[in-house]
Amino acid sequence: EVKVGMITTLSGGGAGLGIDVRDGFMLAIAQSGRDDIEVVIEDDQRKPDIAVQLSDKMIQSERVDVMTGIIWSNLAMAVVPAAVNQNVFYLSPNAGPSPLAGKGCHQNYFNVAWQNDNLHEAAGAYANGADYKKSFIMAPNYPAGVDALTGYKRFFEGELAGEVYTELGQTDYAAEIAQIRASDADSVFFFLPGGMGISFLKQYADSGIDLPVVGPAFSFDQGILQAVGDAAMGVVNTSQWNKDIDNPTNTAFVESFQAEYGRLPSLYASQGFDTANLLLSALDKADPSDADAFREALRAAEFDSTRGDFSFGPNHHPVQTIYAREVIKEGDVFTNKILGVALENHSDAYAAECKM
Amino acid sequence: MSDPVLATLNLNKSFGALKATDNVSIDLKPGEIHAIIGPNGAGKSTLIQQICGGLRPDSGQVLLCGQDVSGHSTQARAQAGLGRTFQISQLCMEDTVLENAILGAMGAEGLAWRFWQPALKRPELRDRAEAALERVGLSDDRDICCANLSHGQRRQLEVAVALTLSPRVFVMDEPMAGLGAGGSKRLTGFLDGLRVEAPILLVEHDMDAVFALADRISVLVYGKVIATGTADEIRASTEVRDAYLGDAA
Amino acid sequence: MRLDEKYLNGLMIAGLLALPLWAVMADQPFTITLVTRAVILALAAVGLNIVLGIGGMVSFGHAVFFGIGGYAMGILAFHAQTYTALELGLFTTDGTKFMPVIWLVAMITSGLVAFFIGLLSLRTSGVYFIMITLAFGQMFFYFAISWAQYGGEDGLSIYVRNDFPGLNTLIPIQFYAICFTLLCVVLFLFARLQASPFGLALNAARQAGTRVETVGLNPMRLKLLAFVISGAITGLAGALFADLNRFVSPTMFSWQLSGELIVLIIIGGVGRLMGPVIGACVFVALEHFLGELTDFWHVYLGVILLCIVLFGRGGLIGLLTGKEGAHV
Amino acid sequence: MSSILIIEQILNGLQFGVMLFLMAAGLTLIFGVMGLINLAHGSLYMIGAFAAAAVAGVTGSFLLALIAALAAAALAGAIVEMVVIRRLYSAPHLDQVLATFALILIFSEGTRWLFGSFPLFLDIPDALSGPVTLPGGIEYPFYRLTLIGIGLAVAVGLWALIERTRLGIQIRAGENDREMIAALGVDISKLYTLVFALGAALAGLAGALVGAIQSVQVGMGEPVLILAFVVIVIGGIGSVRGALIGALLVGLTDTLGGVFLPELFKLFMENGAAQKTGSALASMGIYVLMGLVLIWRPTGLFGARA
Amino acid sequence: MTLLRIENLSASYGVSQALFGVDLQMRQGEVTALMGRNGMGKTTTVKAICRTIRSEGTLVLDGQDLHVLASHKVARKGVGLVPEGRRCFADLTVRENLIAAARPGDWTLRRVTELFPRLGERQGQRAASLSGGEQQMLAIGRALMTNPRLLILDEATEGLAPIVRQEIWAALHRLKQETNVAILLIDKSLKELAGVSDKAVILERGRTVWSGVMADVTQDISERYVGV
């Protein structure tokens, strides 16, 4: 009998991501046919203090062996360090803040999604390939936003036409768009997750500027693409997953997810699904009560990932291929199509700082 | 003649084009009741507001016991001995009658900055408050919540709170308003005795009371004092009759 | 049947004693955490109740003090745990993990900030007061978000709870004992304060400011002092809250938190001694139990809160005792 | 920075201001005129946007979508007033706060229940999309110009309603003394239901109009709510004119602060750091503005009463 | 013809009962004085008629049971109220105060400002900044604007200058003579009351203890129940 605690965002504006992660995760658990895994799911309401208390509950009362589920970096920063120090395993299905990849890494912490910078780095790499010389870059003024611009700059070899931090939760981008128009940029990179990205893209499309745009997948996932609509058509974005990645696991996943939930999976769903499969693969080999053996089993990452090859770097963060995708329309539905590889077998910039 | 306890020197106050107080100089001597009468809107309440610190005059001075208090705040003037009642009752509606009186007592004793002993249990406050209620005849109602008082009872409480302050001067804006005929008669008798404790500047439209009580009467019309004198002098003035009294004289 | 408020209060305190003890026996540590959360929120709300319930000042920015308390704890403990020096202009310290010192710093800092915020805000009244306090809250919120040194939006994790002499604060019931004791102390102070001359005057200042002036008292000063006391108490609660979670972040400054504190008081009963306590317990319990029932539990929470306002004038205490609370 | 860009940014600030006014207009009406602290105003805004998105999705017509937004929000407003708010006029103000807070919870999660957890699609109609060229060579989105026009029209209409009609007078009288206006024969209940529905409809209209260039999602009303409160408090409660001026001030402060503060810091800071500090300060800008205004004039720019 | 019929009316504020059995009859065109000491229930009776407080017993206006009507419906049936404490709409101008109450009939803005010229002069001023007496005039004017059949004046001349008071009494006399409106008067000035009223009703502790023709109110009675 294994107990898994999932803390994720199930209510409020950010609920879509949490629901996708949960659904993907539970799909894999169901498909495994194992009935000795109990998953306790709690809603963190996207509030760090609630998340911390739920994690206390998971650890103290529920006595879970493994925790997972958190979407947001700031919540992860609040929960993960304390949890792993209490000998619980934490498998991150989404957030990958840089401290947890570097100095603050921990032997019981595994990230099954990406390190926060990864997709932005890939965007930088893609921009080089697309021969962009001068980018206007933009992100919200919070740690993940700073990570984003840092990641892009790390790989992008051209110049910057402008670098702007917007307000977290900003809804009107007229001023930024005017700045873009006035700059001599030849491309725009932005990281604006969720609703911010929708607003920006709609307003950008309506502004008449036709500079190419590139960004991480967070504004182009299956959940919100429909809401962006035509404004997103043709935009290039980077992702470690897409539904057309051609391997049997992924094909089966997309099919069964759609059958089960009646919608296309998003990258978050794939991350939840992979997380569960990683867990299952480790459980096949060892019991969490034997921490060392279980850790080794996780580290081996011997499971069929929806992204194809998957392995962990020394800091327990993925080493994986990141693709450039393009937004297309399939019938009535907006979705993504892979253009090509942006970064092959990419690790992250912080692994060297990690000592465990 | 003894020095005035309260005096105004050339007070002026305008609201836009309207001169609500026009060069008003009046005074109040120990032991007297000085009534201010005048038509509605003549500026009586405005004058009182300036005396008590609620309004800042455009120019002129207010002297309390010879001291210039023109720049002082309302609470400083109260501490200096100004006890006032309002034309429209200003009471703590959720509190009991006794608590309202205790508040006055706290002001008088300067006891607001105590955090420990319950206010209602402090004998010095309680005695003072109950004495004042007793004098206006509200003793039996001391535990009634103010919101449950009738209009007239509230008027009585207004006076009681002023009494708790044991002020050196009373300034009363229409204390009779809202009292029934019987109540007015009683209050008239009461104020008559009160003048020996402290002189009273009385604004009132109840002419029976004014003529019965006032040692001096000043008549304010359009912000100006048009006449000052004894009851008989005022009654005799045609100017006052035209502006204010009509045939009530 | 109407309950006497005194019995209700006694019952509440007894419950706060019994429930965690039961939880220890039944080995339900999370129940203790939950009750601790309720007790700390209650403490913060008792602080707010001084200005809101007695003084009638609807502060929509009390999260400022909660957050300052939290960050006082976070910063001191952060420096202590990383062995880095904290430069404070005049002097340098290594931070501390000693609770009483942290509390003191939290209370003094939030009291001081309350003084300045109060000084400026008390010029306004009514809705304008609500909004200007909100404005201060937002300023602190955005400041904390961009304060990269202490984690910005990510916040700050403190790995081990701070120390209290003679206790092992990591054991939930022992940390609870600290919080509960502080709550009782503050409740006792609140009760004394409410009945004291100061409380009476403050209460009067809420209902009739001019009346207070004409008896020779200065309502501004009364309100300002109340604001400072209130801020300090809420700051203390913030420090405890940070310790409960071993974590601080800008959400402690958010307007939602300010709003929640107000809501707690209204649920329980405005201006009532136990109003914040009952409100906090009910709110935390609802949040917890409804969350287990359905994803859409906010809808049910909303409906329950609505029923409380519509049918319980004066909050739950009003409902149980049949007496309305203070009008604010 | 070129002067044309500066002009464009000022235009952006003004336009953002008008958009804020559109959001705040309904709130001024309900909050200023009826004296009700309606925290659920943001929810009505959200309802408008969702109704518009749903109808636009089915019919493809933006006009029908706008009508649906107005209708849905007005209906929700009327129901809320009749079922909840009506019982609270005589209650302490704070009870209204709790009740409308509860309504936020119900509306937000209820919407999520109905429409799911993902944002909805609502786009600008073709006729209004794309930029136009203004004199001076400034390219400006036509839709935003339309918003400015609608916002100003709403301002004038609302001002006339409140200040110039008998209905407006009775509404304001009711705010002073509800019992008294009823005792004079005015059916204040019906009147207030009407006002509430009207305020709600304005919120819904704003939600639909603004939703077309923003993200239509659960929780979209909350940041708007706070901004709208800021706007009407700066302007002075109960004053439509104040709300408009307040909105423009907030719009300009926010936009220009976000643009120029980082530039300012670049003079003595390294680029990235200047950006971060500048935009951090800019996000506080409107609250600093509100604080200063209220310290200077405790009842807002055009407010008479507290 | 009986316009207003009140029998055995009782009313409470929460748990404390204020009226225990008030009886009162009024006819069209008749002026009735409602008397009694402070706190005896005069205002409460008025509130009951206007349906701003819950009451029990008989409360019939012109054959219509008022107990089934909401406050504003009562007003529309022709009850015009000048409340105790004036209660003008503080933030509205004088003119707006009057317009807010207006209903079609003989009384118009013009006629009211003729009756109270002072109000005419201050049409654009906020009611809050009016003097007490001006507010009282405004309250009366406002009630007249509803063109009532039954006009209720609670402390109609409180705080008015004698000369204005005379004006108001004269106005009431005129109203009585020129219109068919019934008037219910509460006032502390017995002399003036006696001059205009046809009948009197005296309350004591929430009960009607005396009623009859005004002329029959002897010195004895008034001393006993009114204290003068």
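Order of writing sets the labels: A, B, C, D and E. Residues in every chain begin at 1.
Assume a residue touches a chain if its C-beta (ideal position, glycine included) is under 8 Å from a C-beta of that chain, and two chains touch if they have at least 3 such contacts.
It should be emphasised that the depicted structure is a prediction, and the values quoted were computed from it without experimental measurement.
Engineer: What is the graph distance from chain A to chain E, where chains are linked when they touch?
Structural biologist: Step count on the best path from chain A to chain E: 2.
Engineer: Common contacts of chain B and chain D?
Structural biologist: Touching chain B and chain D alike, sorted by label: C, E.
Engineer: Chain by chain, through touching neighbours only, how many steps does the shortest route from chain A to chain B take?
Structural biologist: 2
Engineer: Using mean C-alpha positions as chain centres, tell me how far chain A is from chain C in Å, no decimals.
Structural biologist: 36
Engineer: Whole-Å distance, chain C centre to chain D centre, using C-alpha means?
Structural biologist: Here the centre of chain D sits 31 Å away from the centre of chain C.
Engineer: Please compute the C-alpha centroid of chain D, do the same for chain E, then give the distance between them in whole Å.
Structural biologist: 44
Engineer: Any chance you could list the residues of chain C touching two or more other chains?
Structural biologist: 145-146, 148, 296-298, 326-327
Engineer: Could you check chain A for residues that touch two or more other chains and list them?
Structural biologist: Within chain A, the residues that touch at least two other chains are 11-12, 141, 146, 168.
Engineer: Check each residue of chain E and list the ones that touch at least two other chains.
Structural biologist: none
Engineer: Sort out which chains touch which and give me every pair.
Structural biologist: All chain pairs meeting the touch criterion are A-C, A-D, B-C, B-E, C-D, D-E.
Engineer: Provide the residue numbers of chain E that touch chain D in the complex, in ascending order.
Structural biologist: 50, 52, 70-72, 74-76, 80-81, 83, 87, 89-92, 96-97, 99-103, 126, 142-143, 146
Engineer: Which part of chain B faces chain E closely enough to touch in the complex?
Structural biologist: The contact residues of chain B facing chain E are 15, 37-42, 45, 87-88, 148-153, 156, 174, 177-186, 205, 207, 243-248.
Engineer: If you look only at chain C, which of its residues touch chain B in the complex?
Structural biologist: Of all residues in chain C, those touching chain B are 192-193, 195-201, 203-204, 207-208, 210-218, 222, 326-327.
Engineer: Please output the residues of chain B touching chain C within their complex, sorted ascending.
Structural biologist: Within the complex, chain B contacts chain C at residues 52-54, 73-76, 78-79, 84, 86, 90-95, 99-100, 102-104, 106-108, 110-120, 122, 125, 161, 164-165.
Engineer: Which stretch or stretches of chain C touch chain A in the complex?
Structural biologist: Chain C residues touching chain A: 28-31, 33-34, 37, 145-146, 148, 151-155, 157, 159, 172, 241, 244-247, 249, 251-252, 291, 295-298.
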